[in-house]
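The two complexes that follow have chain A in common; it is paired with chain B in the first and with chain C in the second.
== the complex of A and B ==
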């Protein structure tokens, strides 16, 4: 087996892990499996692409639109990513206000909220397809040559950047949740929302913060996935099973667990592609999910947040 | 003037099924009051509803001059109403210090460290191991942490729901020692408790709730011999005769 499997798995796992962190946070705080999370990835990528279209032309006009160093994109993409994240946050907060928040206030059962998220997911996906068509889109048409990174492995600068940024984000987020007062509040609401109120924590505010973090991460993961592969309306839906598998494998509520779960799923997919065949890639996450649910339902780090 | 005023208050889990029915009560500043009654009388529901944990179906609650009837629990905590639930009253997956830190967020930043230190001094058992997971504490220590957390914000009134429930006699003694300390500090206290003798010893006024209605309101001395209490619990004395 080629050592390239390792870096391929880590690159795929980075995107899956980032998406899974958002999913696991939402589950731990709001207590439902959010099927729209995959669509937040896709919407984040498309909204970033849209802003990038405007901004790219503007920056090119100012003569600063060239690619940055070894990467395939210029300043337009990072700036557009920030705008895309803000827009994805607005989308999730809006969806919570008109749909999930209303159901919560009515005391709806978790299964009702899950079904609502399933319906919203289909609506969001169809809307994307309607607006942008089903044709794939790209952040950049620049070609990148994979470079040697040692031990017989190769990766493009964009891929290395994705892995590096993911590592930084996960560490920052872990420190935020374990050390900051907002993070403590999130852990408290995750453990017992009723008691959190008694302690004086505004649970609705914590829920909003959770949506903001989840949406930001989803957008980032969507843009990284779009940068390395392509953007399609179904990109989030296709990632949904690996996201759930990673979140459950890591232990619902655990940020390091979700990242580790994402890396394991990514590596398992890469090994499968090389050993069995690319057509079996999509089945790997399903097999891992079933095995975890049977053997260790609490996952690797079975604690909340 | 009363610090906590409850007027014609009804509460319950279902709109058409009130558990607490038309209760009136007044708690004065610095007073310690226990709420007694047979199982299912609605004692816990009454204080949970005052603390914003159970739906209010009618009537009103005032803290000083503020109408807090439908205020959410986090707003009540900020307003000065401390509540310690009977069970699940601490975050077990967080350390003792983290439990205290969350509560301390309600205080101005400059006062947080000093106030935490004061509470740790008050409860040396907690001070000895602040980084221990709260879930690893004994039942008595959990109640201690729950009380310390509630006291940290210096509430105007502290409401406790059966703090000795489910504890061994030794731990019950520990919990009531903690409550005596709180009492000595002059905190206004409302206590729901099944351990009638200990509750009467700790407080100066008792309210007896029977079938969701207030059946007695008077000094604890009147209930100490157990005769009146027995009659109230068994229902041979009616609310109209006593209140």
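== the complex of A and C ==
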């Protein structure tokens, strides 16, 4: 087994971890397993792609469309990523308004909301397939050479940048949730929404913040996966099981747990691809999930946000 | 006459879906267990039956050339065992862990159907699965009609069995557990074991349905058991009315009709190179429909008849007396 497995695992694990953070937060605060979350990644990637399509021409006209330094993309991608994140946030808030929020107010069982998320996920994914067809799309056609980074491992500048940004995002988010008053309110709602409401916390605001964080990270993870691999309508669906497995492995509600869970699953996938064969990659997350449910159903970091 | 043959073909497929729906109704409608991996249990049944009943082939295990009814029984057993394993792992935990685990088993089994070539034939699937009334294959109407009669009889038999079970003390306790677990527990009932029993019964019916479907079509491949199928069956049950066995059957026929009709409209309206793309609109429609029903009419077309016991009134709602 070559040491390259470590790099491949960390890169795949970063995407899974970022996606799993959003999933674990909605799970802890809105109290349902959101099957639509994978499709937020895919929608984020496609919306960013659409914006960057418009922006690309504009920036090229201004003469600043060329790739930045060692990376494969120019200023267009970071700018369209911000727009894509905003659009993904709008998508989730809209979906919460027309679907999940209504069911919640009606006092529907959590499992009914799970089912609605399952229906919405099918509809969203097929809509992507209708609009953009099933053919893969790419942010950039630039080729990148992987550079030696020691101990026989190689990574492209894009890969190193996204892994670094992931680390920064996770640390910022962790500080926000543990130190800010909004973060404390989020933890209170996840412990006991009724009591938090009685105590005067704005539960609706907490729900909005949860969607905003989840959607922003989902878009980032989707764009990351689109940049490093490719963009497909089914990319979110294929990531859904790893996301769930990472969230449960880390412990529902735990942000560091979700990130660590994502990295563990990414590494397990990379090892499987080397040792068993690439065709079994999609089964790894299920094996991890079953092991967690047998050995430690509460996950690595128990129940806290 | 072609219409007659097609009508019988259409209804036979709808009946196999009705069987799956009845299985799901035991799990969801009666017990409140959310199974997101329906396709896995159906596929496991279909592959098991295929393995036992096809003639011997060289490039994979078996082909044991056994009679069809042995395939059916084996399929139901495998569906039941698979459900037991999944249920035993997750049923005691929070309800959505079962959903996530069944979602995982669907993906994993799909992978196994594709990759375990020595067992399943890989992406090319299993062909030459003996068809019921295979000697009539040359005459389309007679063949489709006799298969329709067979599948309808199976739906009816399972329907009668389930109606009987639901009115039995077992069915009553099951609903009691669904409505108020703590109350049922305080009466000395074991909710975990009851849920597991219902999950296994539902899974066995799904396995059987997979075998019935396989023996009608004569060919199975991994692509038949995509999450799409799970999604269709859920739409059927929710549209028809979860908790109501007649609703499950009605929903299966209705949603399958919408599906087949919209499919043929798409093939008429869109040019050949755009059809795959347009077909994704079908899924959007069903997905939106599922959400709208959950929002506006969660009980479906035929709501569940609320009766605590057949001795306590509302007997007219409960169908024929046992």
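The definition used in the following text is that the second predicted complex is superposed on the first by the 305 of 305 C-alpha atoms of A that agree within 3 Å, B and C clash if a C-alpha of one lies under 4 Å from a C-alpha of the other, contacts with A are read in each partner's own complex, and residues count from 1 in each chain.
Going forward, a residue touches a chain if its C-beta (ideal position, glycine included) is under 8 Å from a C-beta of that chain, and two chains touch if they have at least 3 such contacts.
Quick caveat: nothing in here was measured; it's all calculated off a predicted structure.
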{"item": "First, second, both or neither for A:212, with chain B first and chain C second", "value": "neither"}
{"item": "Touched partner set for A:133, first chain B, second chain C, both or neither", "value": "second"}
{"item": "First (chain B), second (chain C), both or neither touched by A:241", "value": "second"}
{"item": "Dominant contact partner of chain A by residue count, chain C or chain B", "value": "C"}
{"item": "Which of chain B and chain C A:286 touches, first, second, both or neither", "value": "second"}
{"item": "Shared chain A surface residues [contacts with chain B and with chain C]", "value": "none"}
{"item": "Chain B-facing residues of chain A, complex", "value": "181, 184-185, 187-188, 191-192, 194-203, 303-304"}
{"item": "Chain A contact footprint on chain C (complex, rising order)", "value": "32, 34, 36, 89-90, 93, 95-97, 99-101, 103-105, 107-108, 111-112, 114-115, 227-228, 231, 234-235, 238, 276-278, 280-284, 286-288, 290-291, 294-295, 298"}
{"item": "For the chain B and chain A complex, residues of the former touching the latter", "value": "51-53, 72-74, 77-78, 83-85, 88-94, 98, 101-103, 105-106, 149, 153"}
{"item": "Residue ranges of chain A in contact with chain C within the complex", "value": "32-33, 35, 99, 102-103, 108-112, 114-116, 118-127, 129-130, 133-134, 237, 240-241, 244-245, 248, 279-280, 282-283, 285-286, 289-290, 293-294, 297"}
